[in-house]
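Worksheet: the structure to be examined is printed underneath.
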Amino acid sequence: MMTPETAVIPFWPQGPVWPMLVLIWPLLIGALAGVPGLREKPIRLLPLAPLPALLLALARPADATTQAPDVLLGVILTTDTLGLTLLGMTAAIWLAAGLYAIAYMKAPRKPAVFTGFWCLTLTGNLGVFLAADAVTFYVSFAAVSLAAYFLVVHDGTPKALRAARIYIALAIFGEAMLLIGFVIAIAGSDSLAIADLRATLTAPAGEGTLHPAAQGLAIALIIIGFGLKAGLMPLHLWLPLAHPAAPTPASAVLSGAIVKAGIIGLIRFLPEGAVDTGVLLMVIGLASAYIAVLLGLTQSNLKAVLAYSTVSQMGLVIAVIGAGIAASDPQALLAAGYYAMHHGFAKAALFLSVGLLAVTRGGARIALLAGIALLGASVAGLPGTGGALAKAAVKPAFDGFALMLVTASGIGTSLILLRYLVLGARVETQAPHPPALMAGPVIAMGLCALILPWILWSVFDPRPLGYLAGVGALIDGIWPILVALLIAGIALSPPLAGRIRGPAIPEGDIAAPLERGAIRLIRAVTEMEPPVPQAHEWRRVLRVIAPAEALERRLLPWRVSGLVILALIIVVALASA
Amino acid sequence: MTASALALALILTAPLFGALAAMLMGRRGPAIALATIIATAAGTLILLVIIATEGAVHLAIGGWEAPLGIQLRADGLAGGFIATTALVMGAILAVAAKPFAGGKTERRSAYTFWPLALLLWGALNAIFLSGDLFNLYVGLELLTLVAVALVGIEGKRETLAAALRYMMFALMGSLLYLLGAALLYAAHGTLDIALLAERVGSAPGDIVAAAAITGGLAAKTALFPFHAWLPPAHSGAPAPASAMLSGLVPKASFYILLRFWFEAAPDLAGSGVLMLLGGLGAFAMVYGSLLALHQDRLKLIIAYSTVAQLGYLFFIFPLAGGESAAQPWAAGAWSGAIFHALSHAMAKASMFLCAGLIIEAIGHDRLPGMKGIVRALPMTVFAFALAAITLMGLPPSGGFTAKYLMMTASFAAGQPFWALMLILAGLLAAAYLYRPLALAFALPDEDAPAPKAVSRARQFAPLALALAAILLGILSAAPFAFIQIGRPGAAVEGLE
Amino acid sequence: MIASIFDLTLCLVILAAAGAATLGRDAFMAVVFYIVYGILIAMAWLRLGAIDVALAEAAIGAGLTGVLLLAALARVARKAGKEPASAASVPATTIATALAALVITIGIAYAFLTLPEPQGLQGHVAENLAASGAENPVTAVLLNFRGWDTLLESIVLLAALLGIWTLAQDEAWGGRAGLRHVTRPGSVLAQFGRILPPIGLLVGVYLVWAGSKQPGGAFQGGTVLAAVWIVTIMAGLMQAPRVADRALRAALVIGPVIFLALAVAGIFAGAFLVLPPAHAGWLILAVEAVLTLSIAATLAMLVFGPPEPEEKR
Amino acid sequence: MTALLPVLILATSLIPAVATFFIAQENAGWRNALNLGGALIKLGLILYMLIAVAGGTLYEARLEFVPGLYLLLRVDALSLLFVTLSAVLWLLTTIYAIAYFGPKPNLSRFFGFFSLCVFATTGIALSGTLVTFFIFYELLTLSTWPLVVHKQDDKSIIAGRSYLFYALPASGALLVAIIWLESATGPIEFARAADLRLLDDTSLRIIFALFVAGLGVKAALVPLHGWLPSAMAAPAPVSALLHAVAVVKAGAFGFVRIIYDVFGIALVAELRVGLPLAMLASVTIIFGSLRALQQTEIKKRLAYSTVSQVSYIVLGAALAGPYAVIGGLAHLVHQGLMKITLFFCAGIFDERAGIRRIDQLNGVGARMPFTSVCFSLGALGMIGLPPLAGFVSKIYIGIGGIQSGAPWVIGVLAASTLLNAAYFLPMLYRIWFGEAQDDSRPGERPFGIIVPAVITGLASIAVGLFAGWDLSPLAWATLIVERDYLP
Amino acid sequence: MVLSASLLYGLCGAALIGLGLYGFVVHRRLIRRVLAFNVIGSGIFLLFGAAAYRDPVAGSDPVPQAMIITGIVVALSATALALALIVAHARLARSDALPEDDRSGDPDEGRP
């Protein structure tokens, strides 16, 4: 690591160039936004940014490694299945959201800034799927985390500002934790390759390896860092704040793509075989899945509801990852990625639909609501949808009670998406019909969610598709949705409708008290007066001088000075004798 | 006619001739001074070259060898002091040319200043070259009377009181020195330093003589606690006189003290006496610095600084005297003290000259009035700052070299106390010199009267002195080697 | 030489006079006692075989110093409004000083008593006397062997004079030196002043002339000449010179200048202040002559004091 | 030639320094030409030397000081790192200062002392012995003072007093340490390991503590940092000099020299003094950040930020592991680039828009976009945002901390990162999202004032983004450690 | 031990020195100090001369005699300057003592 290999041409990467281009291209697009001629309508550039990534994902090159030793501490990029899949998903979502944004954001504030940071966020988001070394990963992760701040804050309303403030505080906290975790791992492995880092975190104690406590600390910090992004409870609180505050296309990418950066981080970095960690993640993840639903049901903002749904879904994914780690099961980790992919498309479609609801009337609106219902069902795992495949893929990771919980989580998922549907149906229409650029992406994303899992099944799961046609699987897929419909029916039944008052939980639930506490802490720190020495005051010095001055007055008369001279003679004589 | 005789004759007589000429021709003072400077400088240069190339010069006056005659001896030490004196006197007299200019009619102070100043120079040179204790006495008396006269030259009540006060110490010092010399002669039949070195033992007579000489010279050198006369005397005199009094005069009595303890009576120097002298020096450093901190007049600050700085010099006794004399570090300690004496002479003279120019510009030397003086006298303030650097012992200056050498010696000798005192004194010096400097750099008060202009040429003299003090530090190697020439005691050796 | 009763008595009287001079209350009486003391000391010098010193002590130590002290006392009494009384109580410093002085006295006495065998330079002087150009060993030492001391000493006198002149008031500068004639014409002093100068002049010149062979010399002679001048002025026969007077200044510096020139000439002999034995005799005489002139002028001016403002006259 | 070059490099600063004093105030053309010319020539010489030293050439120049004691100028990789930094930043700061001051008074004095400071810094960098180091170190102290009090108002004078109040006792401590050490071992050359074992452990520990006190003032270690914030009274180019080009860097550089070239890692470990120093540095990092958080003035906040950031270098040096040193050394450069950017920008804010307090920053992003962007770059780099410069140093120091058995260091790093964010982000927030009270657009002119900020701002991205490049500061730091400090 | 003349005068000189030192230090009036100074001086000379006269065979040593004469002249010069200073000071200060020795300004002895 200390002496990277030298390139013949400085900065020119070794290996395939395309992955580097995937990352550089959006940056160039972002920079273009600042060019005078383009500055007026930079939003139009947005769809261009993810195109190379999408092409790369579609091309599906063989596993290859690209190195750029001069950049950062030596950039290494790889294209493995999981990474490419999620890369493709991410690129697609960003493309869709970008197209959507052209229509949605007619007169945005500071379009150039928005475009620039959109592209920067995108770069980071793509980078996490390609990175094979910790520093590149970290840089990408930081880019996606921090640049997204500008997407959240874009509207500039007080609400947006507050949400963004909390978002950035948490993001930086997460970054810091992650950095420490990485640093420990790098120190333990003396390497930057993610694979080595992973290995060192479970390496048995011994010469040249990390102390178990350090390993534990690193793992914990990595979980905190990525969990924060992935909305792992109780670190989820930014999601319900940021999503409603951000412009809709931004919400879509936040929930559909950016959150996945945390997921890929957990998958990439957590070492297999860490049983305790895995179990812990499983517990927290499942708990998240349920609690988030309960919290989400109390919300009345469409995007907040969706955000809690994301938290819930990600809980599930994290539980899968936990299970995979605990069981040292790479298949489970792959499945988690698969599940995340489906969720990404579905959630992107759902978020984008929020904007569509306001501009759709008549039959189109009914079709839209039906589509939303179908997507919701897919997420809940309705057989035949892409979501069912996703559920099926992750289930082998669980058994017993956990499996039951996973299956039953469909109830919550359905409920919360029903809540969305109900709330969405109440949205008042402001415009006559939707622009194609808004409708198109929603449809495309929805279709991707429903269909792509079918296409990719074979890549992720060795089992034949036929397995899904089994009765057990069908029942498992349907009953939670039915239960949910039942509950919803009861709740919405005339006698109860409008009577049930959930507790008034603010968006972001625990965010408010935490925020108050943080503000109080900062204020306390700010007002603290440290004992800084300021001793250079003359007056104090002068006090020291007073005795000297008195002595000086005493010595001045000759009778004293002369006597002292005589005394000195005697003393010198005595000292010499 | 030999070059060394010519050099010595020039150095000894040129200032005296100059003084007599100035006494005769009242209004030609500056011109006579210039001629004196040239002649003395020429002699000094020749002497330096001779010492550097051939070693210490020895000359029996009238051809009478000791013990009958008086011996002149010019070793590296003497050469260093003579050269420094020439430099300092040159600068002082250059600045003095204006306030003490001849004019149409003869004025009292303008008349007496020049012969007095030149006599002072002559007395200094006589002392630095003399190898005979009684001859040193006469030279010392000449120096003292001239110095007293210069203190009182302003003719104000305070300056006369200061002169009288100085006179008391000086008279006492002279008598005690004479007593010591008489006892030494009575015991050993000679006052030649080289001969005494062989004869002085530790008989009661020697001890009483040493005690009397030490007491007398300490009073003249203004070693604490005999310094009471110094601040009023040095601050009351006109600036060029102060510069001589502070920069040069105390060095002469110190020089004799050095010659006495290191050359005439090295065996007598017990650790008790050496520690006593060093201790008083240390006390003087702290005490003088503290009082300097509290003064509100620039010249008083500089004067108390002299009290403090003279204290440094006495570290030479514990570090290079007695049993230390034969140790490897003695060379460093000895040279360090000499470096200090020389660089202090230049820096202190420069400071007093600066103070004089400031007084010319603003009419007084009270600190608050100095605010913003840098605008009117940039070179002067810069010179003052450079001199301050030397006094603080900061590199690269002669003061630093001195401090470095003495500190090294004190650690090597296992007496780090002196080193710590040196550091402390440097800090205190920084503190008391900082005040005037900071004020000089501050923005002037808006209602302050505009300072009078002072010509650049005159500002250059103190700057040259301050630069010389700095140069002494940058080019330490040559002077270091030079003042080792003929050094008593251990052989010349480098620092370990 | 064994001490006689005379010596003992002399010592006791000296001590008594010194005690009166230093410890007495009245300043004027102290000065008077001091003059007496000076004369007694001069006698002691005679007893110690040092006639040159005795002469010098009588002329300078007792005479001139006494005159200076008296004159100063008079002027101070005129000018100082009040006189500080001497200490009524005996403070601790006084006792301590007395103790310290006593200890030092004992120390000196002890040192004197324990002096090693004398190693005087009588032998050296005698050996080189012939080459010195003087027959009186003291003169030989003063003007040849240790001529540099003497040269400096003559300059010390000038330095003192310069110092005194420095104390003039600015407006008085250039005027006549301070001492005025203080006698009425026809008084004893005035008469004395008429008779003394010729005699004094003779004595002075003789002292210088004799100095090279017998006791006496430039300083003693110069003192006598100065005294003559002083008395003449006190008697009102002459006016004190103006300090700006060229002739006066020339007289003041001529001795040291010639002496210095002689010293510089030594470089041609490869040394400093060399009196070639062949010429030493007349050189010494010449130097003594000019030195006497300068010393006389200087001593007189020392007594006259700084010039004083004209209008006060 | 090998003896001449170091002297020449010194002369390129000294000659302009001395000559500038004699140039009349009105003669701006000559003055600027002299200073810029000196800076450019210096840079050229250094580039030449960089290549030569990378190839293994050694440059040495000796001058006898007193017998047995030499002033030694010696160019090794470490000196070059520092000297390159200061030379580059000197050039930029000179350009900036010329534009910043315009026709203000006392400029000859300013530029004279400024060049003198750089001269002293170069001397520090090239010093081959302890005594040489000390002499230039003190020269730096002295030549800085006139710059600190340049404005001559009361605040500046107080600041100057405070500066000397800290700096001079420190130099005393340093001198005692040096002399104590050398009295036992003889003159110490950095390149040759002296046998410090001639002294006992306790003495060595005291000496080390004295070194810490002596260098700690310039490096602004708590509690010796008090002068730095008050020195903010000086004009912006001076702040740039204090914080980036010369002064604090000299202290930090001194720590590296003392630990690696005087004591040596082994002895430091044996004496167990590295850990306390690392802890002190850590306390400083945290304390400085906390104090920064409390400030309401931009420059004060930046000053405390420096207090905090410079201790990273000390921390890296004190940890005494290869990675930590690399991080520390790289941070020497990184911090310099970032902090000088910040100060350039703070100066522009102040000079062009009168913005001094943080609450005046509201909405300035739209009014002064270039300045604001550069400021943001610097601030984000300070936080350690990848891929900006600060991030790289942090990673290395953190790794070094763990490898040296001081894993708590990463806690410090994390806390510091958070605190940095806490005091920088609100500023950025105000700049970009604050409500502007005033819509005027103060010009970011002349180019000289903004171009240096842009260059350093971009550089602080570049050194992080291309840290792996062979010529990056990090690579150079690695070279230093591999060549000189690895067994 | 036989009391020789030189011994006697030497001791006398020592006593004079002591007496003079005491007077020199304790007197407030400057003239009295100058007087005491002269007493010390002559005491030293006497001591010096007596020491030179210890060797009755060789006679008095001329070198000390010359030195003493020089000393006497030097003492006279000093006395003259000191007295002139005292007079000049008295003219301006109206006092024969230095300010710090003046009774009125002396805190130790505030008696009227």
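Here the chain labels run A, B, C, D and E in written order, and each chain numbers its own residues starting at 1.
We adopt the following convention: a residue touches a chain if its C-beta (ideal position, glycine included) is under 8 Å from a C-beta of that chain, and two chains touch if they have at least 3 such contacts.
Only a predicted model underlies this, so the values are computations on that prediction, with no experimental measurement involved.
Listed by label, the chains touching chain A and chain E alike are B, C.
Setting chain C aside while the other chains stay in place, the touching chains still form one piece. Innermost chain of the displayed assembly, by C-alpha centre distance to the whole-protein C-alpha centre, is D.
Looking at contacts between chains, the pair that accounts for the most C-beta pairs is C-E.
Averaging Cα atoms per chain gives one point for each, and the point farthest from that of chain E is the centre of A.
Distance from chain C peaks, on a Cα-centroid basis, for A. Chain geometry summary: the mean Cα position of chain B and that of chain C are 30 Å apart. A separation of 14 Å divides the Cα centre of chain C from that of chain E.
Note on chain placement: the centre of chain A and the centre of chain B lie 77 Å apart, centres being C-alpha means. Note on chain placement: the centre of chain B and the centre of chain E lie 28 Å apart, centres being C-alpha means.
The set of chain D residues touching two or more other chains comprises 161. Multi-chain contact residues, meaning those touching two or more other chains, occur in chain E at positions 17, 21, 24-26, 28, 33-34, 45, 47, 51-52, 54, 63-64, 67, 70, 74, 77-78, 81, 85-86, 88, 93, 98, 101. Among the residues of chain C, those touching two or more other chains are numbered 93-94, 97, 100-101, 104, 107-108, 112, 115, 118, 120-121, 125, 145-146, 149, 153, 156, 159-160, 163, 167. The chain pairs satisfying the stated touch condition come to A-B, A-C, A-D, A-E, B-C, B-D, B-E, C-E.
Chain B meets chain D in the complex at residues 332, 335, 372, 378, 389, 392, 394-396, 400-401, 403-405, 407-408, 411-412, 416, 419-420, 423-424, 426-427, 430, 434, 438, 441-443, 476-477, 480-481, 493-496. Across the complex, chain D meets chain B through its residues 64-69, 109, 131, 134-135, 138-139, 141-142, 146, 149, 152-154, 157, 160-161, 164, 168-169, 171-173, 175-176, 179-180, 182-184, 186-187. Interface of chain E with chain C (complex): residues 2-23, 25-29, 31-32, 34-36, 38-39, 42-43, 45-47, 49-56, 58-70, 72-81, 83-88, 90-91, 93-97, 101-103, 108-109, 111.
Of all the residues in chain C, the ones that touch chain E in their complex are 1-4, 7-8, 11, 14-15, 18-19, 21-23, 27, 30-31, 34, 37-38, 41, 44-45, 47-50, 52-53, 56-57, 60-61, 64-65, 68-69, 71-73, 75-76, 79-89, 91, 93-94, 97-98, 100-102, 104-105, 108-109, 112-113, 115, 118, 120-123, 125, 137-138, 140-142, 145-146, 149-150, 153, 156-157, 159-161, 163-164, 167, 217, 219, 299, 302-303, 305-306. On chain A, the positions that touch chain B within their shared complex are 541-542, 544-545, 548-549, 551-552, 555-556, 558, 561-562, 564-566, 568-577.
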